[in-house]
Structure formats: C-alpha cells, structure tokens
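What follows is subunit A paired twice: with subunit B in the first complex and subunit C in the second.
What follows is the complex of A and B.
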C-alpha cells in the first residue's frame, strides 16, 4: 500500500518525467554526434567525387607518374602499395600472432615478460615517423637494402603493424574461455595442441580484425615512408619488391604539392583509389571474420 | 575385489604461499565411486585437480608429497603429464564441449593419441563412447551437429563420452551435475553407477545426497584437511568425527 502511494505521488511523477526528458536529451545528442561526423565524411566524399571522378579512366588507372598531369597515372603507386602491403602482411601477421600466443599462453609470469609487454604496448603508440627513422638506420644504412623499395617500406611498416596485431591477438586469445583449454588438456592434448587445435581457431576472427585494422593504418601511412625515400619520382611500376617505388598516400602527397592546377583532379582521383583499396580490405576482413566465427 | 588405483601420501598443495591442501593421504580403489565432499573452499576440487596434474596449468600451484597411479609417482620427472591425462580423464563442473560437431568432440582425443587407424575404427570408437555415456540413441542421427547445440545434460554426457573415448583408467568428475536440472542429474548419476565397473571414479560434489546416492566411499574435506574417509554408508550414518557429523547434518556448509 505504501509502495503504491510512493509511485503515484506527484513528486514521483515529476521525477519520472525528468528521467524521461534526460533520456530524450541523450538520444538527441548522440544522434547529433553521428550526423555531424557523417556529414563531414559525406562532404569529403562529395568533394573527392566531384573533383576526381572525371579523372578516373583507364589511362589514369594503368599509367605511372608523370610531369604532365594528363598522362600521369596511379598504377605504379598502387602496385607499390600492393607489394609493400604484401611484405608487411607476410612479416607482421605470423610474427604478431606467434608473439601473442607466446605471451598469452606460454610465457612464465616474470618481471622480464612484464617489461616485454609494456614495451609492445608502447611500441603501438610510437609515432610512425620514428619507425621511418628506424627503417632508414637499420634496413638501409646498416643492412644496405635497396632504398625506396617496397621491401624496405614493408619491413618498416611491419615493425609498426606488429604491435597492433600482438595486442589485438592477445585480447582475442584471452577471450577464449579457459574451459576449452581445460577440455583439450584433460583428454591428453599437449599445451601446443590445445592452443593450435582449439584456442587459435576460436581467436582467429578477433586476430584477423586486429590485423586488418593494423594493415589499413599501414596502407595510409606516409610519414615513415618519406624517411626511407619512397617519395621518389617513379615513372615505371616496380617489377618486384626491390625496385624503387612509391605508394598511394605518397602519390597523393606529391600530387597535392604540385603547382599545376590540373593535378587537383589527379589528387582527388588517387584518393578515390585509396578509399576503394581500404573498402576492399575492410570488406575482406568482415568476410573472413564471418567465415571463421564459431557460433556457440 | 577392489584394488588400489590411486594412492596419495602426505600431499600438500600450495597456491603461491597459501596452503590449500594439508597433508592428505588417501587410497582410491578401482571399480567403485569415491566421493569428495566438504564445504566450499575446503580444497576438494584442488585435490582432485592434482590427481591428473591439471593444477600444473595454474601459475604458482605446487604439489608436494606423493601421488601414485598403479604405484607410479605421477609427479616424477619421468611421468609425462600429457600421457597421465590420457589415463586419468576429467569431467568439469560446467559442460565444456568443443565448439565443433558431436563427432569431432569425441574423435579429438583418440586422434591425437593415434587410437584409431581408420575411419571405420574411429566410427566404432565414437559409437561405443557415446553408447557408454548413454547418449548414442539421442544423437546417432545428428553426429555432425554442433556439440554446443545439445542441452546442458546432453553436453555433460558428451563430455563424459569424450573422456571415455581415450580409454582412461580413472575418471575425475568435478561437480559434474552442479549446472544441471534434476532429471539430467539423475541420468548422469545412473551413468556414473554403470561406469564404475570399468573405471575408478572420483566425484567432487556439493550435494551430500548425491554422494550418498552414487558413491561407495566418501572422503570429507574441511579447510584443506581430509577429516574422515570411509565407506559412504558409515560416513552418513555413523561418522567418527564430530566435524563430519556437523557437516552432514547441515550444521554448516
């Protein structure tokens, strides 16, 4: 009885109305935040399409850089990006996954391992230009690998991408319920079998998501590649990972610096190509994640 | 005609500096069900997990004393924990089937141990394991369905079948019915009773009724000590220790 009177009193009704108002306010602000950010994205896309679509033709897609904006094309930079990404993926994915597995499943808890963990977390936050300097010092000046090449670019970006994969990989591995490890060990699986037969397949969707995020970031990187000389003027597409090359964001950077107004169209068209690349990569990530996802 | 399968002598188990099991000595016989009972945190699960070295996976866990399986020290350097766990299987509190098909759940153990050399042999292992676990008739037409799609009680019987599939000598069960409804529990208890012919079974349980129903011997643990161990009928009707009596009459729990 007393409860009923509490919930029907005018004070309670007022309080309830205030709570509903707060809820409506929050929804409005949240919607506003989304609309604002999407509006900027739409504006960017619109400007790029408006400026660039006219320049997107077969000559542009298959050509190489040139001093003449009308013959300049994107293929050499795109191919450089593809080769660089391949090197990055081939190095950072296995290394990152193995490091994540070791740290999460096998490493003994010790000061030393804690130090390694802190270092990897910090590594993921190091500004990319520092990695460029590191690449310049180690891969080019010490190991004498070919300057401006997708090999060195890929190595440098792999250093940057690996910590991202390690961190997301560890989180994905941690999210696999311990009962699955127990189940495997209890039928006599070794630790390595339990991890590779059961834990890793369950963690794979999460690892892949992290990998694609890292790769997408690497695809858009310009600063570290400046340091290793990938800003050269390249008129022939690289034949292999040791040939001098440019990459998509670098091409955008170089063209946006040109004085000739006609390069504006090229810049916008190159941005469209880069965005399509990113879309394809993200689409692939979603496809792989759904393919490997295990339903419980 | 029982024979001793597992022998523990002066076993202490530590988690870091904390002593979870204090000087436990016990003989566990073949062909019967031994129940471990006691209040929460008394160390009964800890002790169970030290019998197949599942405690090895917990950082800081340490076992001293001697645990013998058929007279062999399971903590000796010559004992491979992987081989040990094939001989001493385990069923856990919460059913934990692999998120794979029913068939794959059973086939995994025999496959890694090389127990079946052909598809036909593997099929036979699958059928006999599921039959022994009383699950065959319910799942024989849907072996390629996910093990996780079964009901809780079926999942637990699947886990028992998975343990049986590698032909263990001992089966350890850590509160296998605590996540199940009474009907599923009754089925598991029936199953345990049938299985005891061929295995030494050790079951940790919170339910004294369950211990009384399924076990022939009961060990009562309290604060890491083995307080009393004997025939189940004796423990429940005529306990020697005051503490045991207080626990089984519900004075604390």
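What follows is the complex of A and C.
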C-alpha cells in the first residue's frame, strides 16, 4: 500500500516528468549535433556548387593554367595529379602489400619486427607536412631529383600512403580464417605457396579497398607537395614524370590566392572536379567492400 | 642512352632464361616424384640469377660513371683552362653535361661548349663499357643458373627464400622512412641550432625571421607565439567545436538512432573526413572568415581582421568531428553491455545511464581519441595557411589573426631564398618540434586505448 502511494504521489510524478524531459532534451542535443555537422557539409557543398557549376565546361576541363581566369583550365593540373598518383600507386601498393604479408604471415616475434610495427603505426599518424620536409631534404636536396616533378611528388606521397596500405592489408589478411592456410598446407603446399595462392587472393578485395582509400587521401593532399615546390605556374601539361607539374589540390590553392574575383568560379569548379574524383574513388571502395566481402 | 637500353636487354634475357630453364626442366620430368621442384620454379630461379646480379651491376655502374666521365674530361687538353675553384669547375662541368645531352641547350660559359664534345665522347665510351659489363654479368648469372637445372635441385626452396628476402625488404621500408624523417629533421635542425640557441628558440616570444641578421639573431627566432597559435587554434578552438559535436553524434548514433539511420548517417558524416583540407581552407577563407568578420563588426568590434584564429579553428573542428565521433563510437562499444543493462534495470533513463555509467566507463578511450584528434589538428596545414594569417602574436582574442607552426614551415620554405639560411632551416626545427609532439601524443593515446581495451576483456 505504502509503495503504491509513493509511486502515485504528485512529487514523484513531478520528478519523473522532469527526468523524462531531461531524457528528451539529451536526445534532442544528440540529434542537433548530427544535424549541425551535416548542415555544415551541406553548406560547404552548396557554396562550392553555387560558385563553381557555372564554370564547368569543356574549355575549363581541357585547358591549362593561365593568368586570365576565363581561359584558365585544369587539364595540366589533372594530368599532373594522374602522373603523381601513378607513381604513388606503383610504389606504395606492392611495397605495402608485401610488407603486410611479411608482418602478418612470416615475421618472427622479435625486437626488430616490433620496431617495424611501431614505426608503421606512428607513420600513419605523422602530419603530412613532415613527409614534405622529408621529401625536400632527401629527394631534392640529397638525391637531386627534379624539383616540382610528379616523380618526387609521387615518391613523397607513396611514403605517406604505404602505412595506410600496410595497416588495411594486415587487417584483410588477418580476416582470412586459418583453416584456409591449414587446408593448403595439408595438401602439400609450402608456406609461401599457401599465402600467395590462397590467402592473398581472398584478402585482395580488402587490400584494394584500403589502397583506394589511401590513394584518395593522397589525391587530396596539398601540404607535402607545397614543400617540394609543386606550386609552379604550369602552362603546358607535363609530358612525363620528371617535368615540372602541378596537381589538382595545388591548382585550387594557387587560384584561391588570386586577387581577381573571377578566379572564385575557377577555384570552386576545380573543387567540384576534385570532389567528384574522390567520390568516385570512395564509391568504388565501398562497392568493392560490399561485393567481395566474405563473412567466414 | 645505351645504358637504359641495356636494361631492356637484361629484362629480355631474364624472360628468355625463364623459358629456357622451364623448358629444360620439363624435359627432365619423367614422372611423379622424379623432380624436387616444378618446372616453373626452375624458370624463376634462372630468371633471378640473370636479373638480380645484372641489376646490381647496372645500379653500381650508374653511380660511379659520372665520376669516371668527369675524370676523362679533365684529362682533355681543353680542360687545362678550367677554373681552379671547385664550385666554379663543377658548374662548368654541369653546363657541359647539359650541352652534351641536349645540343640545343644554351651554355653560360664558352668553355662548356668546348668541353661538350669530349664530354659526349667520354659518356659514349663509358656507357658502352658499362653496358658490356652488365651484359656479361647477366650472361654469367644465367649460365650459372642454367647449370643448376637438375632433377634433384631444390629450385623452389631457393626461389621462396628470395621471395622472403623481398618481403623483409618491403617491411623494412617503414623503418627506413621513420629513420629518414628523424635523420633529416635532426640534421637540418642541427644546422639551424648552430646559429640560433635552442633555448632562445623554444622560449623566445618574438618571431621575425625576416629581419634576423647578425648578433640579434637569437631574439628573432622565438617560437613561443607559434606554439601558442597552434595550441589555441588546434587544441582549443577546434576541440571546443569537435568534442561536443563528435561525442554527441556518436552517442546519438550508437544509443538512440535506429539501425537504418545509422547505416545512412555514418557514411555521410564520414564524408566530412574525406574532404581534402585545401577545400576546407578555401571554404574557411571564402565564407567562414568574412562571416565572422562581419558578425564581429556588427557587434561593435573595431577593425576585425579578415583572417582569424576563430575561422581556422572552427573549420578545423568540423573536419575533426568524424574522427572524434568514430573514436568515441569505439570507446562506447567497448563498454560491456551488462553495465548499461544493469543501470537501465535499476530504473535509470537512457540519458542517465549514458551520463552516469557509459561515459565514465568509456572515458579513457574517449580521452585517447581526443588526444589523437589534437595531434591531427596541430599537424593540419592547409586550413591555417589559407585562413589563419601570418602574424605571430601571443593573444587570446579569437578574432585576431594568428599563425601556427605548420603555417610558418610553409612560409619559410616556399620563398626563393637560398637553402641554407637560418630562415629556411628554422622550418626543419619547427618540423622537429611538431614531429616530437605528435609522436608523444600518439604513443600515449595508443597505450591508453590498449590498456582500456584490456580492462574490459
């Protein structure tokens, strides 16, 4: 009886209502945080579209940089980006995959291997501008490779991307169940054969997903390339990986510095192009993950 | 160049060797168990014997050839007129080299034109010798490899050993990169600290590298205003934005949202992390900074500047939201379900459970996540380059223009000044400080995360 009166007393009802109101408030704050973050994203995209869509035409996509905003285009920068990404991919993908295989499948437990693991985890978190300083000191000042070339840019970004590929590669390899290895070993395959013929193909979709995400990050990177001098005014598209060149994000940065208001349209249009590239790459990564993901 | 042509020849030889050894191994095959290794492995074994020594010889020769060529040119009668000074002589030789490679090039020195001819002759001679040498090494390696094609020869074991060596080299790249970063930063920063005392650099409050000359050099390289700007923008303003928004969205997504909403909202939120920083920087400079300036002006602030710490920090905070959110997500997910179930069973509401049980239990993980977020924010470059400004000042006014470590690194290295001035070298000293600070933050955070996970396992 006394219990009943406690739960039905007006004081209790009041307290309960207050607690429920606090609950609703808290939930609303959470929702608000998400809405606010998404609103910021929407605003950013809207402003870039609003400023840039008018500038997207064939001349813009096929032209090169120019001091006149109306004839300036992004093809030279885009070609520089493609060459740089090619160098990055050719170096970081094999290196990253091989290192991931070694660390996950063959490495003995030793001090050295621990050092490798620690340095990979730390490299993944080193600020990108530090990689630029490394590129400047080693590739340009010590090895005398050509300044502002896609070769040096690609090398620098490859060092930055490799840890990302190693980490995602290791996770993908780890996800392949041991029974696959055991089965291969049981029918007489060597350890190397088991890994390269059976584990690697099964882990490949996961590795590719990680690689694409790493490459997307490298494509949008500006700061390290600033260090190695890829901020030149480039009028002709680079013919090879040793020619001076610019890249898409650098072109955005250079145009954003122009005083002429007409460059606002160019900058925004270039941003749209870059974002479309990134969206396609990330979409591809998600598609790969969903299509080939196997739940063991 | 003959020397690059020979590279193709060596690869061709390797291919031929692969087929030859495999074909011979196939002939040896007489039935099950008659051979140790499959024919393909004999092919690879042979190809490796051709390629590896030849490529080593090729790279060794490419390294020593310039010295040999210069030596031959110096022996030329025309070289008697070469200036005695090392620097000048090297410049003329470089000119001649340029001319030899490209006859249309313009030489700065008439002597270089005279030397171009012997230079070209010497280059031709030495690359022919090198090419021959490489070919001999390739053929010798191939010959040796071919003699090993026998039924009992464990070609597979040898090839697999080579593969393991390759794997090991690839994983050592990570150490090499770390070593390269540390060595180059230490070396260049060491040159800088020869001119400027480290104590003046770390404790001085006046940063004006532009007029750093002579005796008062120490007084103009005080980096404290840069450290303050970095902390103020990256660790204070950005975190005031990112922590509440990131944490609350993680709480909402994990505790309240239906799985359909979570499935859609989470990837969209992560787009924020995938947008290149240069885009954020442009957005900050184009939209956010003027907005803040106008708002400040309408509130009665006198002469607010276009570039403000607030604009850069705000945009940086938004960029970090998904990072904080996913770290908080992991930390909340690591708390055993029994704990929140217990709290709910006692009659606590969901928000009370979150505030009194979940958050305290997940706190170490969340703090570690925030530390990682700070390390990311202080290393961020493009946003501050485009929106924060260049004036090094110690001020707590968020509307003031403020500069950061990363901004100054970019500033010091993108001009046209000579490389070894204290001004450019200061960038490496700043880089060293940044590297050490982010490293410490990361190591502590990773250790906290690890211990935190173990606590609930």
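Keep in mind that, in the parts below, the second predicted complex is superposed on the first by the 247 of 296 C-alpha atoms of A that agree within 3 Å, B and C clash if a C-alpha of one lies under 4 Å from a C-alpha of the other, contacts with A are read in each partner's own complex, and residues count from 1 in each chain.
Assume contacts are C-beta pairs under 8 Å (C-beta built on N, C-alpha and C of every residue); 3 or more make two chains touch, one makes a residue touch a chain.
Computed from a predicted structure; not experimentally measured.
Q: Both complexes share subunit A, so when I overlay them there, do subunit B and subunit C fit or clash?
A: fit
Q: Applying the document's definition of touch, where does A:82 land relative to subunit B and subunit C: first, second, both, or neither?
A: So A:82 meets neither subunit B nor subunit C here.
Q: I'd like to know which partner A:145 touches here: subunit B for first, subunit C for second, both or neither.
A: neither
Q: A:264 contacts which: subunit B (first), subunit C (second), both, neither?
A: Touch status of A:264: second partner only.
Q: So, A:202: does it touch subunit B (first), subunit C (second), both, or neither?
A: A:202: touches subunit B, not subunit C.
Q: With both complexes overlaid on chain A, does A:61 touch subunit B (first), subunit C (second), both or neither?
A: Neither partner.
Q: Mind working out whether A:188 is in touch with subunit B, subunit C, both or neither, as first, second, both or neither?
A: First partner only, subunit B.
Q: Touching A:232 in the superposition: subunit B (first), subunit C (second), both, neither?
A: neither
Q: Which partner chains sit in contact with A:127 here, subunit B, subunit C, both or neither? Use first/second/both/neither.
A: The second partner, subunit C, only.
Q: Who contacts more of subunit A, subunit B or subunit C?
A: C
Q: After the superposition on A, what does A:137 contact: first (subunit B), second (subunit C), both or neither?
A: second
Q: In the superposition described above, what is the shortest C-alpha distance between subunit B and subunit C in Å? Please give a whole number.
A: Shortest inter-chain C-alpha distance (subunit B to subunit C): 6 Å.
Q: What is the shared patch of subunit A, the residues that subunit B and subunit C both contact?
A: 190
Q: Residue numbers of subunit A touching subunit B in their complex, please.
A: So the residues of subunit A in touch with subunit B come to 108-109, 177, 179-190, 193, 197-198, 202, 294-296.
Q: Name, in rising order, each residue of subunit C that touches subunit A in their complex.
A: For this pair, the touching residues of subunit C are 156, 160, 163-164, 166-168, 170-175, 177-178, 180-181, 184-185, 187-188, 244-249, 251-253, 255-256, 265, 267-269, 271-272, 274-283, 285-287, 318, 321, 349-352, 354-355, 372, 375-376, 378-382, 385-386, 406, 409-410, 413-414, 419, 427-428, 431, 434-435, 438-439, 442-443, 446.
Q: So in the complex, which bits of subunit B are touching subunit A?
A: 52, 54, 57, 59, 82-83, 85-86, 89-92, 94, 96-99, 108-109, 112-113, 146, 148, 159, 162-163, 165-166
Q: Can you name the residues of subunit A that touch subunit C in the complex?
A: Per the touch definition, subunit A meets subunit C at residues 19-20, 22-23, 25-27, 29-34, 36-38, 40-41, 43-44, 47-48, 51, 94-96, 98-99, 101-103, 106-107, 113, 115-116, 119-123, 125-131, 133-134, 136-138, 141, 159, 162-163, 166, 190-192, 196, 216-217, 219-223, 226-227, 229, 231, 249-250, 252-253, 256, 264, 267, 271, 274-275, 278, 282, 286.
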